[in-house]
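Labels for the chains are A, B and C, by order of writing; each one numbers its residues from 1.
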Amino acid sequence: MSAEATFAATKVLPNSPELGQLLYSFVSELYPICRSITGNGLRETLRLIAEKIPLQIHEVPSGTPAFDWTVPSEWNIRDAYIKNSRGERVVDFQRSNLHVVNYSIPTRRKLSLRELRANLHSLPQHPDWIPYRTSYYRETWGFCISQRELDALPEGEYEAVIDSSLEQGHLSYGELFLPGETAEEILVSTHCCHPSLCNDNLSGVAVATFLAQALAQRTRRYSYRFLFIPGTIGSIAWLSRNEQVAPKIRHGLVLACVGDRGGFSYKKSRRGNAEIDRAILHLLNHSGEPHKIREFSPYGYDERQYCSPGFDLPVGCLTRTPHGEFPEYHTSADNLDFVTAEALAGTLGQCLEIFTLLERNHTYRNTNPKCEPQLGRRGLYRELGGQAEAEIRELAMLWVLNLSDGENSLLDVAERSGLRFAAIEQAAASLERHGLLTRQLK
Amino acid sequence: MSAEATFAATKVLPNSPELGQLLYSFVSELYPICRSITGNGLRETLRLIAEKIPLQIHEVPSGTPAFDWTVPSEWNIRDAYIKNSRGERVVDFQRSNLHVVNYSIPTRRKLSLRELRANLHSLPQHPDWIPYRTSYYRETWGFCISQRELDALPEGEYEAVIDSSLEQGHLSYGELFLPGETAEEILVSTHCCHPSLCNDNLSGVAVATFLAQALAQRTRRYSYRFLFIPGTIGSIAWLSRNEQVAPKIRHGLVLACVGDRGGFSYKKSRRGNAEIDRAILHLLNHSGEPHKIREFSPYGYDERQYCSPGFDLPVGCLTRTPHGEFPEYHTSADNLDFVTAEALAGTLGQCLEIFTLLERNHTYRNTNPKCEPQLGRRGLYRELGGQAEAEIRELAMLWVLNLSDGENSLLDVAERSGLRFAAIEQAAASLERHGLLTRQLK
Amino acid sequence: MSAEATFAATKVLPNSPELGQLLYSFVSELYPICRSITGNGLRETLRLIAEKIPLQIHEVPSGTPAFDWTVPSEWNIRDAYIKNSRGERVVDFQRSNLHVVNYSIPTRRKLSLRELRANLHSLPQHPDWIPYRTSYYRETWGFCISQRELDALPEGEYEAVIDSSLEQGHLSYGELFLPGETAEEILVSTHCCHPSLCNDNLSGVAVATFLAQALAQRTRRYSYRFLFIPGTIGSIAWLSRNEQVAPKIRHGLVLACVGDRGGFSYKKSRRGNAEIDRAILHLLNHSGEPHKIREFSPYGYDERQYCSPGFDLPVGCLTRTPHGEFPEYHTSADNLDFVTAEALAGTLGQCLEIFTLLERNHTYRNTNPKCEPQLGRRGLYRELGGQAEAEIRELAMLWVLNLSDGENSLLDVAERSGLRFAAIEQAAASLERHGLLTRQLK
């Protein structure tokens, strides 16, 4: 089945009322799977994404070098539990995959409560929540349980069993390329390596999947590349295999934690004033909604790799509440109640707005740069609509004409004028139709 | 009569106590004339200005192309009225020239009150004021009346008569060039196309006229060019006929609405940090008076044309209360009570202060750049005056010496030091007399 | 005796508890001496400094030209007094050397109280304090007394005697050069021309002396040059004799008024963003202590000469309470009570911190610029210490790696990250040890 055929089969209207439900359903479908940075849970997740978009799934062998890193052994897990002396499962991977420290080595041993405790992780400040812990690069094993369960364990002998494997295998990731009119790319990257955690980051996975669907149905100036990757090692592996692609990336966005009820936070790219940084600032500042803008820092998600000094790509990170700033972060409380259909759909809408701005952010040249052209005889002066709207439309035309000297993009015009990009872009379209502007080729 | 002869005959001392009265009298003399963007009222206005300064009056034929525009037909009006069924003039152009929509085509027709109303303009929120309306580029006719008069019109048949003409003719404008030591020019542009409106813009016309008189009596580093032009089409026509002059314009000021009781507002040039922008900011910020500084926007007076991207001249706009920000704007309430002699004289003084700064804003080089020169043995240290003054004088000398490396103008020194330009300029003059500075040629 | 031998004999641990006492004792030892811009008091002061550090003492003959200046005659004073009619000394130089206007010409005359008053200086607003006055370049004589003493003088005949000399001689200054690994220099300049005034500037003299001791015991990347000079004429004379040295000065600090109880004030160099300006801002802003940052002005201490346009050296001025901003300034109240051991030691510590930063402010290149290196397998991730500290250490490493593209110094990294320089520098050292950074040569 071709990519276009797949898209046609799963088409969705970006602003349809059902969109939020579709996003939320996809999160729900993916929620039970035990993902990690390698393994069958990750592979199954990519397969489910590929049911919606024509994803290309890559498998990178364990041991493959990737810059300073090496692709790790593949981890798989079938079962894990702690049994008490009566043979009852007091901790059970089948009830929550968070119970096992991710990447735990195979284990089967009997031990006292005191010995067991050394391998248990809990959250005293949130006694009902199970923490999420990983140990990708140090071989160990462990269980995560709620503080309340931990406190309730009586003295006695326990049996800890982890039926896992850590063997030569592959690191899987998914990639979708949507060709546009130009070879310049917009990158969307989202991590899909966490087990049953919704906001971090099934929210990003779902939004990216449906975003790809929406963009597939549009005429695209830019080409788009979607990456569904395990965090850190996934982006490093991708970059090491795609060094020649990196220079084509004109704009990029990492999506994570985009399903909670909080307002948007945008972390700028390392460059700090890249076009995508300015585009998102403009839109959020005009949104009327609470939001936060953060300067770049080298701590966070895969933007760390895209913004490493050897690449320095213009890639920012869009979240709602950022990682570490909600107590549910990396706990069992980041569940299906923590994300909402409305928030997921809102993020998708915001992304489309961002990409629409980038698509339309052309630079024009005023064909009549000496004095204003006579707008009135072209019917461009107060031709339609109410007074306030007409004033903004005229003002937008005057700003576009005044600043279109071949140096200023429409976003530059919007920033300097204080008007919304949409108003500036409509004015430019109108002026271009009347031959008063010509688009500059870069 | 030569220019100098004319100036001698009308000489006025810039800071004389009578100046405000002279300015106000000139506004009063011009007030009754029905001006438009062409026609005899405009021509008569220029003739009265030419009685005070040796104005060169230009006549541009209707139909002359000017960039994207065409000089319109000439409009003249002799009479206009609305008579009621008893033959009484209920609206009479002879009482106020604002009663007729400027550029109304000839009209003579009988019509019902309902039909008449479609061609009447009023201001419900200011029931005693007559609005000012124009229709330069769309052929129509109309009357403007106060809401109270409108409401008082009984049902019945009316006769609307406009005895106007719209024919091949000329667009008139006035130009005065005062040569200076250099060919670099300071432009002063003011619109003179509005009928009986005082602040907008007989205030600008009067100030520009007497400013020209004052400058004519000075030694001038810069050449000065004064333009008395109809708004928009006047500056466009002038620019289209003087493209070779434009590059000589080093600084420019549009004067409008400079006679009301408000503080000064300055709108920066498109460049935003042109020398004139910085000069006016410096003076207003040190004035101790309330004032406003606005960023450039492409909406306003003729700076729109001077600052169009094909020219991008360093031309700002000085007003008192800006257009549209006083309720009397474009109504009969912008009358002789709305402007004051004091405000007019204050604007003229402010303009002279601005031009004095520009004239004196030289760049110097410290002739003794290694360590401070010994001011004491030259009598430059605390030589005169009180303690506080002496401290400022010394500090000003130290700043001038320290920054006069050939890169900083005196305005740069004033800005960085936080001292007034006048103090910096006096210090420089003193240091230059003692051979401690040499003026840089550009 | 060689320099190193001298240093060894007077070695002091920078952070020893006794340091403040050593500094304060040195101030006390120097306090009684009657210094001026030339003469034996200045010479004696330099001799006492030379007992602690291997100072080279220069003698510049009177009449020597120094740019626009000339080295003045040497002034010496043996005694001075005012006797009343009973032959009692009512004003006595032996009690306070401030009683005589510095550089007073020899005088011996009888005169009435009224005549005497014309040569007396007092401070009405501080009736118990003796003011400090000088007249270096205008030949005159005078006495300074407290207002209370002045008011108590009865009518009668007085005898005013100043047993001074103003003759061909020398201007003395001290210089110490500590060679470093490179020829680039850090300049420390302090004036030592004031008589019995502690904060202005025995504080600077003492701190500079012990700072030189401390630096002599360190490995130095930079060479250091200490100047103990009379104000203004001293720095001018030094610069005129060392024009070839000036270009080697990479950073410089004038020390004055550094012993009072106030927080630090730093006045930036003329350049405004020199490395030393940024270093001191960084340290003071992270100090958690109240402090003030001032922009450069050409009024102050010898930075006026170092920052004259012909040199424009990156030299700032570190003080505690700046000159003129404490009422005790230039009065007898700037005495041994006004300065404290703690403040003096604190200034020395601050200077060492500044120079340590400059010494260590290298620029690195990430050897692994594409994606992050794997810190974990090198034991660089959470290897030691508590959670909060470990997080800062990791974050500092990530910032250093991210910004070390050969363009950013460690101070640049500290500024952008918001982390302390010390944390950044430790991270860089750690990364360098693991081969992840290489130092850039300038």
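Heads up, the rule we're going with is that a residue touches a chain if its C-beta (ideal position, glycine included) is under 8 Å from a C-beta of that chain, and two chains touch if they have at least 3 such contacts.
Because the structure is predicted, anything quoted here is derived from the model rather than measured.
At the subunit B-subunit C interface, residue numbers used by both copies make up under half of all numbers present, so the two copies contact each other through mostly different positions. Seen as a C-alpha superposition, subunit A sits on subunit B after a turn of 120°, to the nearest 5. The distance from the centre of subunit B to the centre of subunit C, with each centre set as the mean of the Cα atoms, comes to 56 Å.
Looking at subunit B, no residue sits in touch with two or more other chains.
On the side of subunit A, the complex with subunit B involves touching residues 366, 368-374, 376-377, 394-395, 398-399, 401-405, 417.
Of all the residues in subunit C, the ones that touch subunit B in their complex are 66-69, 137-138, 232, 235-236, 239-240, 243, 270, 297-299, 304-305, 307-312.
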